[in-house]
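Below you'll find a set of structures to go through.
The two complexes that follow have subunit A in common; it is paired with subunit B in the first and with subunit C in the second.
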Partner chain A sequence: MLNQGKAVAMNTFRETVRDRIFYIVGIFGLILIGSSAVLSPLTIGAQGKIVADVGLSSMSLFGLLVVLLVGSSMLRKELEKRTLTTILTKPITRGQYLCGKFCGLTVTLLCMLLVMSLVFLVIMLVCRVTPHPRFLAAFYLTFLELTLINAAVVLFSTFVSPTLAAVFTLCLFVIGHLSESVMNFGLVMGSAWQAQISKIVYYLIPNLEVFNIRGAVVHGQPVAFSHLILATLYCLVYVLLFMLLASVIFARKELR
Partner chain B sequence: MNQKVMTRNVAEAVLNPPEAPVMSGGDVLRVLNLVKTYRTGFWRKPQPALKGVSFLVPRGEVFALLGHNGAGKTTTMKCILNLVHPDAGEIEIFGTGHRRWQSRARIGYLPEAPYFYDHLTGRELLDFYARLFGMPRADRQQRITELLAQVNMADHADIRLGKYSKGMLQRIGLAQALLNRPELLILDEPMTGLDPLGRREVRDLLTVLKRGGTTILLSTHIVPDVEALADRVGILKQGLLHSIHDMSRGSAATYFEVTLGQMPHGAIADVVRGCRCLPAGSRHPGAIVQVPDLDRLARLLAWCSDLGAEVQAVHTPQTSLEEVFLEALGAGSGREANKSC
Partner chain C sequence: MRTLVQRLRRLPAWLQGGLGGALLLGVAVVSLQGIERTARASDQVEKLYYPSGRFLREGTVGYREIVADFLWFRTVQYYGAYRKGDHDLRYFSGLVDAVTTLDPQFIEAYYFGSLVASMDQDQIPRAIDLLKRGILANPDNWLLPFQIGFNHYILSQDYERAAAWFAIAARCPEATDFARRFAAFSRQRAGNLEGSIALWRNLYETTSNPAMRDLALKMIGQCEEQLQQQAGGLPKESL
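Up next, the complex of A and B:
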């Protein structure tokens, strides 16, 4: 059972790595991380913070771009080129196939983040900023956030076009970062139904601020280990939910 | 009798009626009353693709689905492979429901005009598919080398598929369909894109597989391919299985042709239902009567004897599959004139 999913994941990884878009986005990401070294002298006394902030934000932003550009079209490309037809006539379930695609892109994201964090580390050393283990936590949570976004794009791409899947995912990303504000807004407004609706939105859409500890890391604030554990569980629950829903929708899809 | 009715009568006589598909232990595939309607466009306009297709494929048989474009061949295959969900009907593969993904470990499939990942080489592609079958590494390598040689692609195995020609893709497609040594091989237009030599090689390969006991379901609209390979042929027309034809009874089923010395007075059709009467030719005053079976032949001869009509010859001409196919499509059998006697 696992072998089939692994084969699809490996193939997706190979396909993404051989894709030009991946390199273009990756190179721009590296340039932006590198540019933090150029920008840092502009802020006297806060060079370290600028390097860290620009570096960590670039990783998140370019990771998101890869998910949107590669993830949203991943499934449609297979449907349109009819490569999927041959795969699904082999002993593999549609759910396994989707999980394989998801894992393949997740591994690609992980590799991309690793390369970016290596460059980030070099830039920090060049700018004489001492790397702190807290950066590892920020890196880990950025990866979790991208994994969740990746599951969302897989879900959307099972029933809408690549463009719409990318738009929906971007909306989810934006609302996900504002969900706490939405909840607070509902509570402040006072009426019971507004508070109820804001609560529903809060629980339905993942709160992506859970994964954002960049500010804390840059300003040298501590990050609790329990937060990392809870964020991991939070991510897992949403990923499972999204993938389950995607599998149910995809199982009903006709490959004409 | 109008031409349409007569054409149907001849077709009924020339072809065997479709069998009632009752699955036995030796059967690999059973398709019963398959119905599928596609819905397209904004208003979900219905487009019937299959209107109740039934057939049975016993173990070791080569069953061909013959039909023009849009007849429902590919839809039938996609329903069998669970790529398309039928609206009604039953499909059994190896005695179990076709939705069981485990049964696909025993099936090989070559789609029409196959597309594969451009970023992979031929060898990498076969390795990927072999992994989907859960084959161990050593087995994979051995089988891939074996198949690449079998489909004459060993020299191009390490070139990316994006650079392959249509024929090369077809060959590599055939190789991936054979990776798991399938018991049931489903081939959708397997000769498309191949040059004459390639077609012959594929035909030879399929003959070897047939001899080895592989059950093959293939779809095509190329009659000579069917004649060379198939044991039985199902002719699909507008989503309906028009007829099933047994190739072991000759290139096509036989009927009797009775040559009469002159045009008989009176309607033969009224006396012997299911006969077809044609003028013998511009220089011949007589007629040729096509009779579907012995019983009707006896009745016709008795009737001629009573009338005193001269019977010049009785013989059983062979009808080519192409004629049968064209007849089924309503394009005529080559004999131009039909006349009710």
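Up next, the complex of A and C:
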């Protein structure tokens, strides 16, 4: 049963590599080199901070782009090419197929982040900025955030068009980063029911700020190990929820 | 005109393409220069449209630090243009506020912002307020209280206050001997000789730098001598 899902995942990975998704890593490297070499006279003593900020933010931003562009059209492509109907005639359930797709893109993201992290570390060393092991925590949490977003895009792509799936995912990303503000807004509104609603919204929508430790890492603040463990758990819960929901919707979908 | 067109048509295709490309590029460059001239004229207005740091903090969804860096570049360029005499520093503090609201740990922004406020704008209270805001967000950083002390020492010549801020800086975990030395100097300058001796002694006992230890010892001697003179006693040499 695992083998079928694995085959779909491997195929998805190969497909994304064939789509030359790794060109993005090249652009990432150029941006980093540009920010460190060209902009350094403008940094006034903050070169290390700026190179680290640009590197970590670009990793997250490019990862998000890959998820939105590749993830949103993954299912539709197979539907249009009719390969999906052929695959589903094999002994594989729709849920397994979806999980395979999700895992394939997650592996692509992982490889991309690993290569970008290496480029980032090399450029930091070239700029004579000592990379702290804390940066590994930032890479890891960025990966978790992208995994969660990946699960969300798979969920949305089961019932809406690729464009809408990308838009919905982007909205989730924005709201996810603002969820604390939503709760605070509800609390200052005054009425009890508004506060309750905002609290429900806060706990329902994934709080993506949990995965954002870029600022803390760049400024050398400590990152608790328990934070990493709890963030992993938090990510897993949402990934499972989204994938379960996606499987239920996809199982009922009429394939033509 | 017609003959020119006919001649151009007779040129090889690659040359036609090259000439066409160069012409289009020329038009682009001229347009850009025109846009830049207009932008330079309305540069003051542009700063008015920078949203406040609080708005940017919410609006930058997870990418606050990189937006702070971008605004930092704009701040440095804005200051550079001021140094060239293009404009005054009317919007400088707004830009620094936005940067520090987006990234409260951006020490260089507080430091540079306070230097410009005190040295170029002659606004020492504003410089001190900015540094105090920085201390609230970075209580362990020694450079910010040290800079407040520096402002009091050099610009306001309020040595007692300067000494108090230098002493706060010296208590920060990563403070260098420099801060303690300044605290002791200020105390001495303000006439608080006992306080000065205590600070010099602290420096003497804790520093690992032999030159600093010698300096501390020498300064303790000087302070004690002054104390004896004040008390009407005889200086050490005459004993």
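As a working rule, the second predicted complex is superposed on the first by the 239 of 256 C-alpha atoms of A that agree within 3 Å, B and C clash if a C-alpha of one lies under 4 Å from a C-alpha of the other, contacts with A are read in each partner's own complex, and residues count from 1 in each chain.
The rule is simple: a contact is a pair of C-beta atoms (placed from the backbone, for glycine too) under 8 Å apart; a residue touches a chain by one contact, two chains touch by 3 or more.
Note that the structure is predicted; figures quoted are calculated from it, not measured.
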| item | value |
| --- | --- |
| Partner chain in contact with A:209 - subunit B first, subunit C second, else both or neither | second |
| Contacts of A:3 with subunit B and subunit C, given as first, second, both or neither | first |
| Partner chain in contact with A:87 - subunit B first, subunit C second, else both or neither | first |
| Touching partner for A:53 - first (subunit B), second (subunit C), both, neither | second |
| First (subunit B), second (subunit C), both or neither touched by A:18 | first |
| Residues on subunit A lying within both footprints (that of subunit B and that of subunit C) | none |
| Contact set on subunit B toward subunit A in their complex | 38, 78, 81-85, 101-102, 104-105, 107, 109, 111, 114-117, 119-120, 128-129, 131-134, 173, 176, 186 |
| Interface residues, subunit A side, partner subunit C - complex | 39, 42-46, 49-50, 53-54, 56-57, 60-61, 173-174, 177-178, 181, 208-209, 212, 214-215, 218-219, 221 |
| Subunit B-facing residues of subunit A, complex | 3-4, 6-8, 10-11, 14-15, 18-19, 81-83, 85-93, 252, 254-256 |
| Subunit C residues within the subunit A interface of the complex | 58, 61-66, 68-69, 72-73, 76-77, 103, 105-106, 108, 112 |
